[in-house]
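In the two complexes below, subunit A is the common chain; its partner is subunit B in one and subunit C in the other.
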Partner chain A sequence: MTDHVAKITDLRVRRPDFEVDGVSLTLSRGSVVGLVGPNGAGKTTIIRALLGLLIPESGGVEVFGHPAGAPQALARTGIVLDQPTAAPEWRVSSLGPRLAPFYPRWNRERFGELLDRLSVPSDQRVGELSRGQGVKLSLAVALAQSPELLILDEPSSGLDPASRRDIGDLIRDFMLDPTHTVLFSTHITTDLDSLADELVVLVDGRIAYEGALPDVAEEFAMARGAGPAPTAPLIGLERSGEQWSALIRLSDSAAFGQEVVIDPASIDDIIIHLGSEQQGVSV
Partner chain B sequence: MTSAFTRLDLSSWFPRTQTILTLLFVAAVGVLLPVPGMAIMASAVVTSLMVSAPFLGDERGRLDTLYGVLPVSRRVVVLGRTLSLIAYYLAAAALATVVTVLSTMVRGGRVEPEFLLIAHAAALAFVGLSMALQLPVFFRIGYSRGRLMAYAPVFVVAGLAWLLQATGAHVQFGKAFEGLPLATIVGVGVLIGAIGIVCAILVSARLYRTREL
Partner chain C sequence: MRVVVSTASATPIYEQIKTQVRSSILSGEVQPGQTLPSLRQFAADLRVSVITVTRAYNDLAAEGLVHSEHGRGFVVLEVEPTLASATLKARVDDALREALIAARHARMSLIDTQNRLEEIWSEND
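So, the complex of A and B:
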């Protein structure tokens, strides 16, 4: 058994207004990987590449040892997108019988339990569901397949806190099996705090940071001060009037004087400052 | 897996009002028009118009994404969809046959089996050519960008008919079939239809394999 379930090697995707440039990423078995970054950073592109939905210019993508999109890989992968992929007129309860023939490990009872647990009305048509119910339905479908890899693309955007907690609880349940793996793309970085083991920050189609989530607090901090910015290494310096703020490596904190306030960095701080650093923006 | 996919695909577009209305149109042609073979030809024409319907449904329900992440190969998707369209055609053709026979009987006439065979062979040829023309386009670029292809077969046939008539070539065209054995005429129709469907599958599978979804 290999220690990784998916591997992206030097992925390049070029579009007229967008580019993923040389992304390499490994999803280790048993990990929850949070994929974060600003809009247009390439999160959905990477997920689509893992599912074989797009054709990259170059680079390799393999899932469970198969090329992306291979039926053998997709049979072991549960997918949750921001909207359900089902005909609007299909009834929720009909999705089980429709999809079960394609998944050898489809669990009919589990599907029913998940619909109940997530309060998705099984007698309604898919097109009548709210956005939150649609995401929950997608999650129920994905988990009923008994997947080994769960890929979620912005599942919590626009959802109320209770729904986001439901999704988080189900992911935690899923991860009780140590062979399971999750890739979770999100804008709402607080969702990752209690879920993710690893963090991948994408900016402008490149990986700006990749590492264990607990290491973030030990690696980065926020420095804030007034007046001229110090000469010590700053990442993504931002100015507002006399005030300045920047991300710093915690190992560099000794280089700052007492007039500089150093606080723990949040994931949002890291996204914003690594992003502006990579774009060469100083605000 | 192909049969499971065909069932899923059929269930995504067949039980819609639009589909039922097209079948009712075929029946209405058979009842209202006195020329016996018209319903059978109508079954082929509505099939060519319906080829785009499942692709429209794909975009409305994001089924193109669903089919992209189902654990089946893209070849199975092409084959399954083609089979689901053939199932629709067979349903329309069967309905047309029943309506043709019954309405001719009500009018006090009788439909010769040879006539039915020739009409069905011509219809199958039209369906095969329609699929060869339309399916690769829809599989490659989807409904939104390819929707004009829905009418292409009808326009092509209407254009050819007009051209034959305008040049007077329709007389020679008709004479070309005179005296030919029934088996030859039917065989040519079935062969054209079969080649069209096989070409549609082969070309579509090749184009769909590298389509981004």
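So, the complex of A and C:
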């Protein structure tokens, strides 16, 4: 039996501006999965589908063995979305008593500790908080629910480095319990390096790459050269004057001649080139 | 056991952890029977992902330096002299393989590489 906490099977969602086209994804218990990809690739759609916030055209989404959005699934899931978790006019100090009745496993003490630790000012109104404080508040609310699965939509975007580190530390604390699982989307690749066990690259509503994070370095490399590009397999070829660069499979590196420089690929390289390849930008 | 990782180093973080934990074991700083820090606690302390520490520990287990015991974590094994020497030789092999990858990237021939090795060897004499 595979020990998974959530399973997406052949998810299809169509919207006027974009679509998610046949995504299947399994979240294994105890793992931290980083979801990356260009804007509009479908990261937020997948997160919303896991929370039961949208109705897919087809495909199944199951969380803790229940359909996504079922109360039994949500009770075990902590959520940090882009928008604040509470009404803007509420004071931070009033949130505990206001929110507790909605969450069966609300931990009042833990909520207080988290607000202290994250230095969220308790006398301010939710709407007056900075972006960083708002994310920290959402994370405190999510963790106070004693979740087993934590889902975060771009928790670190727009945050200063110290806040990003605080949030990373809390996620790593959460992962001290081996039954806990995290899914987060991000544009910041240092977050992936310091947090994620698995990487999922979404491009144009499909999974372009999925694998253990350390394997990425053994899978891909960057090839650079000048003049005509070689005929060997190139992913997302880019040109700038005479110079060209492309992502390659490391296993193809023997096919390149002396004049081609082959370097390790960063996660950014992989996202950019897989992205431009699938969007048909490359020539 | 002191482990310090550099995020700016070209050496992957799991390699850095592996090398440093291995040195602690081979030098006797960590005694046989002692457990290594738990995967998740160590990951949190070092601010790295769990899989990074898992890779390092699994490699050390494959080298026969530690053993994964259910419920206890990774326990340091007795280092036999033959094993210690085999481990050191394996380290040389690993380092040479890495050097050869770099040499291939640099389009150096075997002869070029051997010559370079001799030059570097004599630098240290």
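The criterion applied here is as follows: the second predicted complex is superposed on the first by the 280 of 283 C-alpha atoms of A that agree within 3 Å, B and C clash if a C-alpha of one lies under 4 Å from a C-alpha of the other, contacts with A are read in each partner's own complex, and residues count from 1 in each chain.
FYI, a contact is a pair of C-beta atoms (placed from the backbone, for glycine too) under 8 Å apart; a residue touches a chain by one contact, two chains touch by 3 or more.
This one's a predicted model, so the numbers in the text were calculated from it and none came from an experiment.
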Quick check on the superposition: with subunit A as the shared anchor, is it clash or fit for subunit B versus subunit C? fit
Quick test of understanding: once the structures are aligned on A, what is the angle at the Cα centre of subunit A formed with subunit B and subunit C, as a multiple of 10 degrees? 150
Could you look at A:214 and tell me whether it touches subunit B, subunit C, both or neither (first, second, both, neither)? second
Going by the contact rule set out at the top, does A:239 touch subunit B (first), subunit C (second), both, or neither? neither
On the A-aligned overlay, A:195 touches which partner chain: subunit B = first, subunit C = second, or both, or neither? second
On the combined arrangement from the superposition, state the nearest Cα-Cα distance between subunit B and subunit C in Å. 28
Of subunit A, residues touching subunit B in the complex: 48, 51-55, 69, 71-75, 77, 79, 81, 83-90, 98-99, 101-103, 126
Please output the residues of subunit A touching subunit C within their complex, sorted ascending. 30, 32, 165, 168-169, 172-173, 175-178, 190, 193-198, 212-214, 217, 258, 262, 264
Of all residues in subunit C, those that touch subunit A in their complex: 7, 10, 12-14, 40-41, 43-44, 47-52, 55, 105, 107
Residues on subunit B engaged by subunit A in the complex (per definition of touch): 1, 4-5, 7-8, 11-12, 16, 57, 60-63, 65-66, 68-73, 210, 212-213
